[in-house]
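What follows is a set of structures for review.
The same chain A turns up in both complexes below, where it pairs with chain B and then with chain C.
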Partner chain A sequence: MQDESRRSILIVDDERRFTAALAKRLELRGFSCCMAFDGLSALAFLEKRPFDAVLLDLRLPDIHGMQVLSRALAARPALRVIIMTAHGDERDRRVCLRLGAKAFLRKPVALPELLALLEGGGEGR
Partner chain B sequence: MSAAPGAEGEGLLFLGKATAVISHSIKNVMATVSETAGLLGDLVALAEREPRRMDLKELGTLGETIVEEIQRGFQVVQLLNKLAHSGDQPVADVDVEEAVAVVSSLGRCLAYCSGITRLPSAGEHPRIHTRPLLLHDLLFRALDAAFRAVGPDGEVKVGVERGADGVSISVHGLPAGFRGIFESPSVELLKQALQARVLLDREAGVLRLVLPERIGEARA
Partner chain C sequence: MFEAIGGLLSSLWPRFWRVNAETSPYQAFVNYRRLWLTTILVLAIASVAPLVVLSVLHNRLTKDAVRVERELRTVRLASNARRSVAHFLEERLDALDFTGREFRQDWILDPQQLASVLEHLKLGFGGFSDLGVVDAGGIQVAYSGPYDLAGRDYSRHEWFERCLARGIYISDVFEGYRGVPHIVIAVRSAPEQGPVRVLRATLDTERLIAALETVKLAVHDDVFLVNRAGVIQSSSLLFGQVLQKAAIEVPPYSPRTQAQSMLDPQGERALLGYAFIETKYGETPFVLLLVRREAEMMESLLGVGVASALFLALSILGIFLIVALTSTYMINQLYRADRARGQTMLGLEEAGRLASLGRLAAGVAHEINNPLAVINEEAGYMRDVLTLEQAGGEPVLRAGAPGVEFKEHLDSILECVERCGLITRQLLSFARQVDVSSEPVRVARVAEEILSFFRKEAGYRNIAVRLEAPEEGLEIVSDRGKLQQVLFNLLNNAFQAMTKDGAVTVSIDSTEDGLVRIAVSDTGCGIPPAHLGKIFEPFFTTKGRGAGTGLGLSITYGLVRKLKGRISVESQVGVGTTVTILLPTRVQEASAHESAVGR
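This part shows the complex of A and B:
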């Protein structure tokens, strides 16, 4: 059964082992995590459940992470989306922040920084 | 042998793109190792506080994941090394099967990569005398276009065979709407430099790159 009091995070990344390890680390810190390995699955998850935050990779197998970002925020403008990518350059960062991402992190991600962002207090790079 | 004007610039662009793809893969490997090692540390710290929650099997699995990811990282670095050396000589003898293997590995680094199956080839690996870097470039463009057409859930099959007009590399499993890789001036440059023909059989869903056994001295 889902614990309603835990903040829920959707992690969207096609690197399955990375995603599983990060999800487990966040769960050990009190978050409830779901994983999506492509963009369309992520959007389907977002239609069904009110997540508190989304951790979103940009390079996904089906659609680009920026499409997921803009469609997710069009449906839920207050959703906290944090980009987490191995690939993004400065232009990607600017575009994502303009589209409404709360932060733009480059992998490997420093967990304390990510936690601060999920708590709502951190400043994204 | 003299240079292939224009096409050499394409080769350089290809190396740049390949390096970006590979660096992305390496970063993903490092991110996975970092996160898995972090989780291992979390679980050990948890076990120190609550020894009964220690799950040795899980710790072992995480250790195996780290080793496998490091192996993946080595393979990616090896791929980078092979691609880098493909530019050592403008023209050289190339094992076509090996070139297909290298480019397939590069293709697998793409997020939108489809499945790739190698069709069994008869006899020995065909070797041709050609421009290695540009051959990798043209082949990568063919695979990249095939992946985009087929999608990440699909599969392409790649075969190599020797024929009367040279060695052909065929990409099978393309959908009816596949437009090929013809409509690009840079592909035209590569075709000229390699003296290659690019043929598309729309009905069969097969793209074929036909390469001469030896590129002619006069055209190079």
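This part shows the complex of A and C:
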């Protein structure tokens, strides 16, 4: 199912049904998706494989999404990280963007907007 | 007039006395009545006490000074009187002595010459009524005067013997057969002048009494002479008739003039000045007594005393008035400020309610957004599948499978809808507090509702949440909304006291005296003992600037008071904090009404 031409995406969210459904929808659109349900396993994935993009929730059971964000970017500064959260307020958004996130989306997310970001269109928000 | 007094009284009488101290739950920190009374008492005592002490001291000093002055003056008067009497006697003794020395004895025996001498003595000195010469045998050899006493034999008379022995003689006052008080004085001639003779003269006492009268200063001053046996020798106002025994003891002998206090025959306090009269020729039988009533001497002082007592009384009254007015004014100001603060707090309470609603709303939005995100993706996926199939593309799902797989997705959606519904219901029950102020409330259920807002948060921070309540659940009649707000505030504090890993326990039970006890415990940072006393005061916060308003617990305190309950805190730094609320099972109708108005 996974070949080299498909772009790979890591979805990090502890809401499993959300993660699963989003992964299926992105795969229908030609992306290759991996799922992580906590921050540490997400960082482990990132060490093993060079994902094109990461969709990251802020509230995670073990470490905070911002910690995942900063560590992932420390290892790969060019990584495209998109924050998707139900909890983030304005201050969280500013911090994440300063840390290097490409965009900060609030749940529920409109898929076309997400696709545009994954295609490399819009920068931030 | 009456209005003015009424106005003064009402300005003295503090406002807070008339109002129930419970008007606002935020004002109970001060007991105004006690503060007012204490202030007045302390200020009044502090200002009146020195005044009274000074007045008493001054009064005593003045009295002492006056007493000494009085005694001195009495002694001086008595001395003057003594000198007058002594001088009177000395003058006449001198005259007799002179007569005896300067005239040749034979010459004086001539009745005409003797009469001439008597005439000169009467003119020169006064007081002489007769004059006689007695020879050594006691026979009066010559006499000049109103009676026929020539040839009288005095040899057996006591006075004659004493005059021969001592050179002079002064008799007591006596009436004799003349019926007029008089004194006899006698002088013996010097031995070197020839045959011994005695010159004898009778003195009437009018001149002596006139001399004493000049000493008197006040109406009731009494100056008189007694002999050493206490028989009155000159007229007395108070102590009896002449030649009667005086109604006073003769004081013990003293060579100097003395003064002592006594009671006069009419029972008045008086000062007695006395002097034993002596002449240069020797002692006399006379004792001078001067009696002065204290009341008359004190008259001037009495005026001063009344004036100073009046001044003291007015000063004390004035001080009390000023102290009372000042205290009332100050405590009234304090009371007003406190009441204003109480009103402000009521406003802030509302603001706090809105703030906690705001926090709640933010939390609720997050809680709802998550299920919405799931629904969004599930529904979006199903639409994706259907869209692809309608477009005639390769089927995404195995044949016959869509029903099964779609059912899973639809279940997930329904479950999320259910979750959202639960959250909105909880929000509604929280917001409902505005409508009803008194209704049956199951405490455990309210606690569970409020806890549900915190469970997600607790999960993220690994905080164990426990609710310990009896099976049947306690029901009280109370204000549900306020109870919710109280629990929300306390749980909010408990969660803020912990960062990660810990436990929050809400335990509910009933006490022996029929109250419901709700205890919220955490294992957080705790409160230092120094802060424990202040945590219910408005604007007390240990959080940094801008982080906390310091109103949470203060508002909670006010709410609990409105529910007629009590709140207390126990805490140990590093171990945790337990806030305990005791609530009555029924909030009375009156207080419920009051709180509805208060809002």
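Observations
What we mean here is this: the second predicted complex is superposed on the first by the 123 of 125 C-alpha atoms of A that agree within 3 Å, B and C clash if a C-alpha of one lies under 4 Å from a C-alpha of the other, contacts with A are read in each partner's own complex, and residues count from 1 in each chain.
Simple rule for what comes next: a contact is a pair of C-beta atoms (placed from the backbone, for glycine too) under 8 Å apart; a residue touches a chain by one contact, two chains touch by 3 or more.
Computed from a prediction, not measured in an experiment: that's the story for all the values here.
Contacts of A:Val109 after superposition: both chain B and chain C are touched.
In the overlay built on the shared chain, the residue A:Arg76 is in contact with neither chain B nor chain C.
Contacts of A:Arg59 after superposition: both chain B and chain C are touched. Once the two complexes are overlaid on the shared chain, A:Asp38 sits against chain B while remaining clear of chain C.
Residue contacts after overlaying the shared chain place A:Arg6 against neither chain B nor chain C.
When the two complexes are superposed on chain A, the residues of chain A that touch both chain B and chain C are 15, 17-18, 21-22, 24-25, 28, 59, 61, 86-87, 107-109, 111. On chain B, the positions that touch chain A within their shared complex are 20, 24, 27-28, 30-32, 34-36, 38-39, 42-43, 46, 62, 65, 69, 111-113, 151-152. In the complex of the two chains, the chain C residues touching chain A come out as 362, 365-367, 369-370, 372-378, 380-381, 384-385, 388, 396, 409, 412, 459-460. The touching residues of chain A, counted against chain C in their complex, run 15, 17-18, 21-22, 24-25, 28, 59, 61, 84, 86-87, 89, 106-109, 111.
If you check the complex, the residues on chain A that touch chain B are 14-15, 17-18, 21-22, 24-25, 28, 38, 59-62, 86-87, 107-109, 111.
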